[in-house]
Amino acid sequence: MRQKNKTIDNTGFSNLSAAEANRLSNKDGSFNVKRVGIPFFQRYSILHTLLKMKRKRFILLIVLYYLLVNSIFALIYYIIGVGDLQGIHLGKGWQNELLQAFFFSAQTITTVGYGHIHPTSTLTNIVAALESFTGILTFAVITGLIYARFSRPQAYLKFSENALISPYKNGKGLMFRLSTYKNNHLTDLSAKVILSMHVDEGNGKVTRFFNLPLEIEQISSMAMSWTLVHDINEDSPLYGLNSKQLIENKIEIMAKINGFDDFLFHNVQQRTSYFSSEIIVDAKFETMLGKTEDGSMSIVDLAKLNSYEIVK
Amino acid sequence: MRQKNKTIDNTGFSNLSAAEANRLSNKDGSFNVKRVGIPFFQRYSILHTLLKMKRKRFILLIVLYYLLVNSIFALIYYIIGVGDLQGIHLGKGWQNELLQAFFFSAQTITTVGYGHIHPTSTLTNIVAALESFTGILTFAVITGLIYARFSRPQAYLKFSENALISPYKNGKGLMFRLSTYKNNHLTDLSAKVILSMHVDEGNGKVTRFFNLPLEIEQISSMAMSWTLVHDINEDSPLYGLNSKQLIENKIEIMAKINGFDDFLFHNVQQRTSYFSSEIIVDAKFETMLGKTEDGSMSIVDLAKLNSYEIVK
Amino acid sequence: MRQKNKTIDNTGFSNLSAAEANRLSNKDGSFNVKRVGIPFFQRYSILHTLLKMKRKRFILLIVLYYLLVNSIFALIYYIIGVGDLQGIHLGKGWQNELLQAFFFSAQTITTVGYGHIHPTSTLTNIVAALESFTGILTFAVITGLIYARFSRPQAYLKFSENALISPYKNGKGLMFRLSTYKNNHLTDLSAKVILSMHVDEGNGKVTRFFNLPLEIEQISSMAMSWTLVHDINEDSPLYGLNSKQLIENKIEIMAKINGFDDFLFHNVQQRTSYFSSEIIVDAKFETMLGKTEDGSMSIVDLAKLNSYEIVK
Amino acid sequence: MRQKNKTIDNTGFSNLSAAEANRLSNKDGSFNVKRVGIPFFQRYSILHTLLKMKRKRFILLIVLYYLLVNSIFALIYYIIGVGDLQGIHLGKGWQNELLQAFFFSAQTITTVGYGHIHPTSTLTNIVAALESFTGILTFAVITGLIYARFSRPQAYLKFSENALISPYKNGKGLMFRLSTYKNNHLTDLSAKVILSMHVDEGNGKVTRFFNLPLEIEQISSMAMSWTLVHDINEDSPLYGLNSKQLIENKIEIMAKINGFDDFLFHNVQQRTSYFSSEIIVDAKFETMLGKTEDGSMSIVDLAKLNSYEIVK
């Protein structure tokens, strides 16, 4: 009869997965799970790795690739003999010749091909034909990568940093809120919230998972902001827990939001989690909504997304 | 028992979001909501911004980019000394030398590289190698952008400019209609219509939202046109409202159409809204359907999409 | 009680849409509907037009574009004066000069830029800088287009040319079959079949639409072939109709198949229709399935897709 | 009452499809079905063929294309007369001239265009203009292909090599398990398992298909690993079968997993199958889960994915 004990086992986590010293899910929604036992080169999806990489690192990688491949080809031309490259100034030392070979290589791989330096021997001609072809193919890959990074839809949701246990109805409710913060618009949003909790069931602590039903689980449009509310009634696994117990039980709230980007026509998803230390008991959110002075537009103030006041 | 009072609260709008002087949703389906409290550079999704931009503006931006980056590199060559660029005609004044550096820059960044001008010094060679590389990368980005703009599926739905309150069954019905107007075809369309309304509930006016059920909420194919019909029966929040009340209550009808492009195999969505001033009471649509003379094809006349006649 | 009269009105067709001389839907699933009343330049989705175009026509269009844009630039160079293009052989008549300007233009727009011809005056330099830039941008568009044409998922379903009315259970059934014919594989297929029929309801013939329920409406995988079967029992609108009546009533069967490409991970859809003249009464399909000689593989023989024999 | 006999007929396989000497579905989820009766050039989806091709083969194909197209153009220049290509060294034999024409061709198709060799006659100019244009278009196609290969989402699921019949509840259960093995993350996974079985129904053996219901058919996240469990109770078609019977009946278990890549926001799917010889009776999986020493992270050890021990 009491729903409270109705745990779920389809979270993808094991009941024994409980980390003693850390949360299961990070703030950005990734999990504290490590996969081992797989050879290094099978461990990474090249696509995921290159798309998830920070922008600066990605640019650095491309520049390094350009330098490296040019250096290799410069070396090849040098080994063949730069005398086979008409237009290169000889006799100023090997460093200078290598440098000029490097510049010729750059002119070839980018297909600029000024032509004041050009291959004459069969061998340099072959290498140059190969290099310009390499240039076209690898820049094709880079084009694809840049496009893939660029065109990936994102939810651009900002969550309140804290979840609050606020007065709600005649009891309490768990609340956190979110909004898009860029010029994207989401429709048909749905939310799913899972609670994980350490429970002592006699023979050691195990992790148990619960669905947290929400007062509103779907909204038709992220027009303004969305406050997710879980009613902490008698059926809630959170019922009657105080601040101390939240921490003792290593309460963790994992939320997943799905939506539809109404411009790119693409499904998007974003996850977050609140660890017990991020749950504020007896607090309530201040409004983040307002109006422009002439009353013609509503305002959503994202600076106030996490603004709350302590109650009682 | 009376459904009329059954408001909904999952629209993503707040009940306090009501704009006094304006509609909530614009004709194109965007919302009169402003997001503040976020730093400028986080406020825009570069992808959304560049894809939503008007075509002319986008082309202008690319041209400006081309001019700007060429000017910067021209300046760099000029500072290094155009004497390091073999083939440039010296001695005709700095303006002329800068101009020639600009042309060399253009030849380098586009990888045309005629070669009658070419870098000789180490420094100019490095800059040129960098520039041609920059050219390839940035044109890769532009390629991606153009493709993304180009390949974005769109619903291409045209809505009647007005919604009508027409005779329907033994009472009245709210009607508006729509059709695709290009050579795209949509299947499995569904519609969702929400009404917003200012209601005085004792302590000031608040905005209330209602679902407007439709006689047909889904059609299997946009073969011809689609007239959305909401029966204004006793359960409808529109029941018994006259023209004046529509305006007083700031009635606004927000519609969302989802469909599936049967060629691109992509979901599409389009929204629109009708503000009280766009709702015509006691009018009915004229037919926009016909046949070719030989009877072999049906005709949909989009010029008549908003044609209606006043009744009674 | 009799389902037979239960027409549907969510087909997207109007009941008055009936074409007297033609079918509503073509064999390839497109509709015999014409949209008018829209200005020419708004009538076409450039994306749909360029993607739906036959391959040969598309290639021709690109080649024509290349010739046209080169001719325009050649003309501009000629008007400016080909003397400003160093390396052009003068004095052999304007046709020859124009031709050389054309070749220079081609070298510029493709960014080959051999350099034996190159711009010297400010004006030709500006035009050349513009042309190479134009080349890059338009080839970017063409790249995007080719990719979009190429990467568009397709269902690659082949339907039997005829639908049969075959013995089924103790009565009859409408049957037609389909299979993929390329090395693509579809999973989670579903089918929807609609019947249109001219009915005289007292005041002139109108078109009525009916859902035709299928014995199996979904299959989990297009492993072999799929025969769609509609049981023509007492509830079927086809019940008791003979060959002649099928034609008199302008019976038309419109089918839509949805599936999921299990390699591209993309939804696909294909439609077809059977006009009364394509429905064979009292016939049944011959099997198109077999085995390899060693029994290790099943065979689907697509040449037999429409093989049937007359019964009784 | 006994569900056991409740076969299903929506698998897309025919009951007569039974292969005597082989499994229906391969380990990678592809089917042992051959499509014949279709002309060779319609038999392949170019897109699927080029995307499914092994990486090495694909690169080889591109290199071969480059060599072939260059050879063809070299031949054309040679036939026209290499004397029309200024800068080519004549008089060293036709092999050398052909080779130089090849290098010029490579410089043209990649748009490097050094220019020390360049076309002078009208004919060579036309061919060169055509070649550089060909280069741009075909490299556009290659760019698209590389991108399409690269950006295709994949499930990256690893399945245990064997399915086990393990002690479960008070009876037995069929079990196999899976996990992602790369740095991709899947959410909202669902599984569907079908059993095929040869049954003698009096007049020869036919293949029958059954759904195998799972204890958990959906999980919200592939956080760790997922063990699919089918309870072999009285309603299961596997009930009471021993090792020998599994093989005699040519038992085959076909599984399909669907999920949602939470970074690319794309649906993915992966299939596998277990033939009777891959089903181990009376064995159970060893745990593949653990923790880091400091207890801060859970560990999934993929090397143990198929680790099991024999029971009883």
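Letters are used for the chains, namely A, B, C and D, taken in the order the chains are written, and counting of residues starts over at 1 for each.
By definition in this document, contacts are C-beta pairs under 8 Å (C-beta built on N, C-alpha and C of every residue); 3 or more make two chains touch, one makes a residue touch a chain.
Nothing here was measured: the structure is a model prediction, and the numbers come from that model.
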Top of the farthest list for subunit C, CA-centroid basis, is A
Equivalent interface to A-B, taken from A-D, A-C or B-D so that over half of the residue contact pairs match: A-D
Are the interface residues of subunit C and subunit D largely the same numbers on each copy, more than half shared, or largely different? different
Would you say B-D or B-C is joined by more C-beta pairs in contact? B-C
Distance between the CA centroids of subunit B and subunit D (whole Å) is 38
So how far apart, in whole Å, are subunit B and subunit C when each is placed at the average of its C-alpha atoms? 27
Among all residues of subunit C, those touching at least two other chains are 111-115, 143, 147, 153
Which bits of subunit C are touching subunit B when the two form their complex? 9-14, 16-22, 24, 29-38, 42-49, 51-52, 86, 108, 111-115, 118-119, 122, 125-126, 128-129, 132-133, 135-137, 140-141, 143-145, 147-148, 152-153, 192, 194, 256, 266-269, 271
Subunit C partner, complex, touching residues on subunit A are 111, 113-115
Residues on subunit D engaged by subunit A in the complex (per definition of touch): 62, 66, 70, 99-100, 102-103, 106-107, 110-116, 139, 142-143, 146-147, 150-151, 153-154, 156, 179-185, 187, 189, 216, 218-226, 260, 262-265, 287-289, 291-292, 294-305
